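Two complexes, one shared chain (chain A), two partners (chain B, chain C).
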Partner chain A sequence: MDMKRSYYEDLRLFDTLPLGLWLVAATVALAAAPFLLGNYVLYVLGYIAINVIVAIGLNVLVGYTGQISLGHAGFFAIGAYATVLLANVGLPILLALPLAALIAAAFGFLLGLPALRLEGPYLAVVTLGFGLAVENIFAKASVFGGATGPAVPGFGVTFLPGFSREQNLYVLIVATAGLSLLAVRNLIRTRVGRAFIAIRDSDVAASCAGVDLTWYKTLAFAVSAFFTGLAGGLFAFHLGQVDPTSFNLMLSILFLAMVVIGGVGSILGPVLGAVAISLLNLKLKGLKMADFEQIPLAGPDIAAFLGRHFMETGMANIQFIVYGTILVLIMLFEPLGLYGLWIRGKRYWRTWPF
Partner chain B sequence: MSALGSLPQVLFSGIAAGSVYALIALAMVTIYRTTEVLNFAQGDMAMMSTYVALALLVAGGLPFFGALLLALVFAAALGAFAEFALLRRAKEPSVLGLIIITLGLEMIVFGFASWKWGGEPRDMPIPLSPTDVVVVGGVIMSHLELATIAIAATTIAALFLFLNRSKAGLAMRAAQQNRAVARLMGIRVRRVEMGAWALAAVIGGIAGLLVGPAATVEPYMMWDPMMKGFAAAVLGGMTSLAGAALGGAIIGIVENLFGFYVSTAFKSVVPFAAILLMLAIKPSGLLARHYVKKV
Partner chain C sequence: MLKKLGNIAALAAGLFALAAPVAAAELTGVTDTEIHIGQWGPQTGPAAPWGSVARGTGMLFQMINDAGGIHGRKIVYHMFDDQYNPAKTVAGVKELVEKAPGVFGFASGVGTSPGLAVKDYLMERGIPWVGPAAGSLHWITPPQKALFSLYPLYADEAKLLVRQLVEKEGKKKIAILHASDEYGENGHRGAVQEMQRLGLKPVAEVPVNQADRDLKSHVLLLKESGADAVLMWVNPTHAVITLKTAAALQFAPQWATSSTLSDAPLMQTISGGLWKNILFASFSELPDADTPQMKQYREAFAKYAQKGERWGVFFMAGIGFVEPMVEGLRRAGRNLTRESFIAAMETIRNYKGILGTVNFGPGQRQGAKEIFLARTDDSGTKITQLTPWAEVK
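Let's look at the complex of A and B:
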């Protein structure tokens, strides 16, 4: 369906005109948002945009290069800590962010080295261990502020005179997300991106065709870690604090879930996945007993049943049940995720009514 | 559970901790050997079984061994159900897909347990006390540690006999080596795989029941042991039972030596370093034969 017929088609930024128009509309809407919307909505949009950056970064590794990572919370943490520590020694934030992302990328490069010899399950174990080790080091070492984390400095960047902290932060986060999206979209169409995809499809064949596996696998880890570290730095300012225990195994799985639920190996997929998971996360974290009472028909009965058999304090954990169920269902029924649904829907309507 | 003391003391504590890691590693190896799936839900399935035992003990008022036995039955049912309902349903699964399914299972189990029982740590009442000790040659051994080692050793020996000497164990190995041919030989491959999951869940459950009384029962209790069990399995080579048991002991001892000589705060980094080192030197693990994938 999406066959490329000329070299020019391969170079275009937007595949179709409607897609381009939609993107322009989205850009305009996001640019207008800080002037029109309240602080909480900006906070939510910022949170989503941070997750989008992580998801597209992780997708470079998982979706395009076919390597698995269960340790991206580690890169996220490295980005957050490095940004805050660099900013604390007096570096301007706009310099500290990319520098911290480069530090995360360097760690990604290091983690990518053993990845050369590993595949599938082994790589999952190594990256899982990496994530847990990073969390452990940050939480225990007093250099990094111990259990409470380092103090986050004030966000002193002003884009427009008169903008509040939230508005300035929103502009920085969303602009970074947009640029990251553009960067990854272009990266995938270069020689490097084609090498990644070749490795995913068959690393032996890619190697025979002259793709340097050592270089490109470690590069994929580094690129992925770069974006995740960047997002981590933004997250530190977005939240206003760095809590070492929040960079745990569940966060790594959540990042992976964004990519998988959205659809691996596409540009739109991780964005959709990040939006979906972020919204679910914000919605489900604050779940209360009262929410169950409002279920039509059997609401009070359900609430009474839950009150008898479940802990009300543990209700926030319902989110994990929901994510887990979605992950399993996606894997069983639509391995291409939301993006796969979108493609199927498009194909259905294009040939409708046949 | 005193961590400080002489070198023999450190070694003993290491073996006590390592025997739990060995059990988890064996559970993973059991599944991996049969179905080539890496079960990331192993730890949390064990955590769930421990909570079930606790609920039966405290709320149900069952006698100690009755509760443990029922909890292990529950573990077996959970494992068999996971295989039957989730993994078997995957169409043309990739390695990534299977890992993601077990991760999804892990999240479901974790979410359910911490919703049902809350996040606060609970004590598990057992007839053995972690503070009653036996002193042999200056080494302080608590009853709980001794029981842990004894139970782990018995389980490992039983598993060894079962997988290497019984017909069912042979069927499990056949299922991994060549699914199609195993089927042609009259092995009910699906049932064997389900059995492997149930067996692994029971072994993991035993590990959980040993971790629970030593620390406290809480939703996060198995994350650290699971990581170390993983490390032990990788150290031993993923397919070797003896390797997994040895790997568990090595991780436990090295971790405690590290805690003794360097720092206790960074003990969790040890398994990661061990995996990295092992994979850099001998990717096939200590005791597994090197396996080259055909293209």
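Let's look at the complex of A and C:
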């Protein structure tokens, strides 16, 4: 998409100076947020940041290595459970989180092994089975707390004296998301990242060029699972509760949708995708007849049409139609996802008005 | 370059502007003319049939507002769809609490895990919450100052059913089919305890997993145990599959089941007419009960109910779980604060609405304990109340 003129350009952490400045601005804004914003906004930002971590992790696998996974809710669950169980036996949370992520990574490595021989739909089914199995094991085994999950301990980390639980959590979640972004961006610029991309473009060619397929494919799964597990651990504290049924197939599909809607194989894409899907998820829930009346011009007609053909008790389901329509429109008009919009917008402004 | 720096400055300014209105005073959700009350409930997704609880509450508030409100204030009701997803429950609850004018408290709310996800948040802020629509011990262990529980315990229902089967109907071989979740385990435990007290043991204890759709092996275990009565502590889908499978296997014990399956007309429809001669526990009056209150509600339903709504147990539960909250608001008087409301709630004794008798008091947070048993007839359409309202001792 962006032309690179030398190897050094490709190696730079930030492509352009303005990009760097924007990142600084975003960092300042996010750092100021806990002092200025209320509990609800911090919760939403935290929810988005957790999804961002999952999306960039999943993107390492889907976007850069060209493998597919319908089982990432499983890694998310492993991260959540492992963090809570480790914290419950007395480990400090800041230690339990990375340890749990490593456990998730180990499972990612195991799941990566069948990926060596499977591709496309076959791999999708294997990962799907993994996700379903994990959900059921956690829900059924009494060591994991059964149907209501294990009790989540208090969040005893304090970053600034006087900060509330929510403010402290926000700092940890957003900082982790920032570091994860930086880590993945760095990873992709290294030998390992190039190996991933080579496998995605053609695994036979990559193998001929000396890329060890066994090692790098399983590594991609492990790295991806690491970030997803990390996000899962944060999620357990963010919600203050672990409910095994919430780690279901739908969640895996939403994760995948974040990456695809955002734009596979880029750093910014999954971030945009995670933000978009998270907001749609949280904001569409309150859709009412009155909201349709406010659509300019055709509003009253649309509302009247819906009133005739929908039962009031079924109205709430309209959110899924709107949700689906938005996703279809994005993919129809911008197959590269939200990242594609960004690229196009940038090109347009670069040449405008000359 | 300068232009870009300008952009950044504009962005930063925008973010600060967004942030500005937050540092306001505490929001109580009470104004001179309004009381704001919230509730979550699944309107979409697999749990959507329980969403009528929240709509029942809506009807109750509408009735109260049309009759002039409470001490000159109308109730403004904020119901939202959380799809039984705790992450969404938390988001919705925080949004309501923190967006002006805030909410005074929460009424009912379906589900153990959505409720658990917001319990600490609400209790830390002393925000009243009355009548969670889930039978869980979590609400009252330990008792919370601002949380008033009304759902009678599942274990009590199971005990009463066992007592009826053994003492009144002469059943000796009782088997238990239960969901392998908190709900199923509570019923299972209660039944086993009561059987021990009566010197019996269940002839079979068969768990059902959430994902199971073929229950033939489960029903065969029940049949082979020689059970003459089966306690069925499962969700509606599994209950229907169980009855269909049993009919195919010509296994016809006395079925007994919990209040969550007490919507007999619904069960009769979805089971294709198999919901016959079923013994069940109930925590609310029967839908066609002949009390003055129930007549009043049925008339209101005819007047207010939206297209597609049905007068069923869940809709009624949305009224029953919230009646005591309305009573508390009335008793708290014109000078309404969260403290005065909680104090007023503690004065509620022997209050009778749709549920059994409600008693709260200082330190007493499980308000309703009374239940009764009922039975559908051979046609599955007529329901008879078997026992009077009573607390299980």
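Annotations
Please note the rule applied: the second predicted complex is superposed on the first by the 296 of 354 C-alpha atoms of A that agree within 3 Å, B and C clash if a C-alpha of one lies under 4 Å from a C-alpha of the other, contacts with A are read in each partner's own complex, and residues count from 1 in each chain.
Please note the rule applied: contacts are C-beta pairs under 8 Å (C-beta built on N, C-alpha and C of every residue); 3 or more make two chains touch, one makes a residue touch a chain.
Small disclaimer: the values here were computed from a predicted structure and weren't measured.
By the touch criterion defined above, A:36 lies against chain C but remains apart from chain B after alignment on the C-alpha atoms of chain A. Using the contact criterion defined above for the overlaid structures, shared-chain residue A:47 touches chain C, although it does not reach chain B. More residues of chain A are in touch with B than with the other of chain B and chain C. Touch criterion met: A:331 reaches chain B, while chain C stays clear of it.
Looking at the shared chain after the overlay, A:129 reaches chain B, while chain C stays out of its contact range.
Legend: residue contacts after superposition of the two complexes on their common chain; A:240 is shown touching chain C, with no touch to chain B.
Legend: residue contacts after superposition of the two complexes on their common chain; A:320 is shown touching both chain B and chain C. By the touch criterion defined above, A:62 reaches chain B but does not reach chain C. Using the contact criterion defined above for the overlaid structures, shared-chain residue A:285 touches chain C, although it does not reach chain B. By the touch criterion defined above, A:204 lies against chain B but remains apart from chain C after alignment on the C-alpha atoms of chain A. According to the touch criterion, the shared surface of chain A, contacted by chain B in one complex and chain C in the other, consists of residues 136, 140, 311, 313-314, 317, 319-320.
Of all the residues in chain B, the ones that touch chain A in their complex are 32, 38, 40, 86, 89-91, 93, 95-97, 99-101, 103-112, 114-120, 219, 223-224, 227, 230-231, 234, 238, 265-266, 268-269, 271-273, 275-276, 279-280, 283, 295.
Taken in their complex, chain A has these residues touching chain B: 62, 66, 68, 70, 114, 117-122, 124-126, 128-130, 132-133, 136-137, 140-141, 202, 204, 249-250, 253, 256-257, 260, 264, 309-311, 313-315, 317-328, 331-332, 335. Put simply, chain A touches chain C in their complex at residues 18, 21-22, 25, 28-29, 32-33, 36-41, 43-44, 47, 136, 139-140, 146-148, 239-241, 243, 245-246, 281-282, 285-286, 311-314, 316-317, 319-320.
Across the complex, chain A is touched by residues 4-5, 8, 11-12, 15-16, 18-20, 22-23, 43-44, 48, 51-52, 55, 80-83, 85-88, 90-92, 94-95, 97-99, 112-113, 116-117, 120-121, 138, 180-182, 185, 209-211, 306-309 of chain C.
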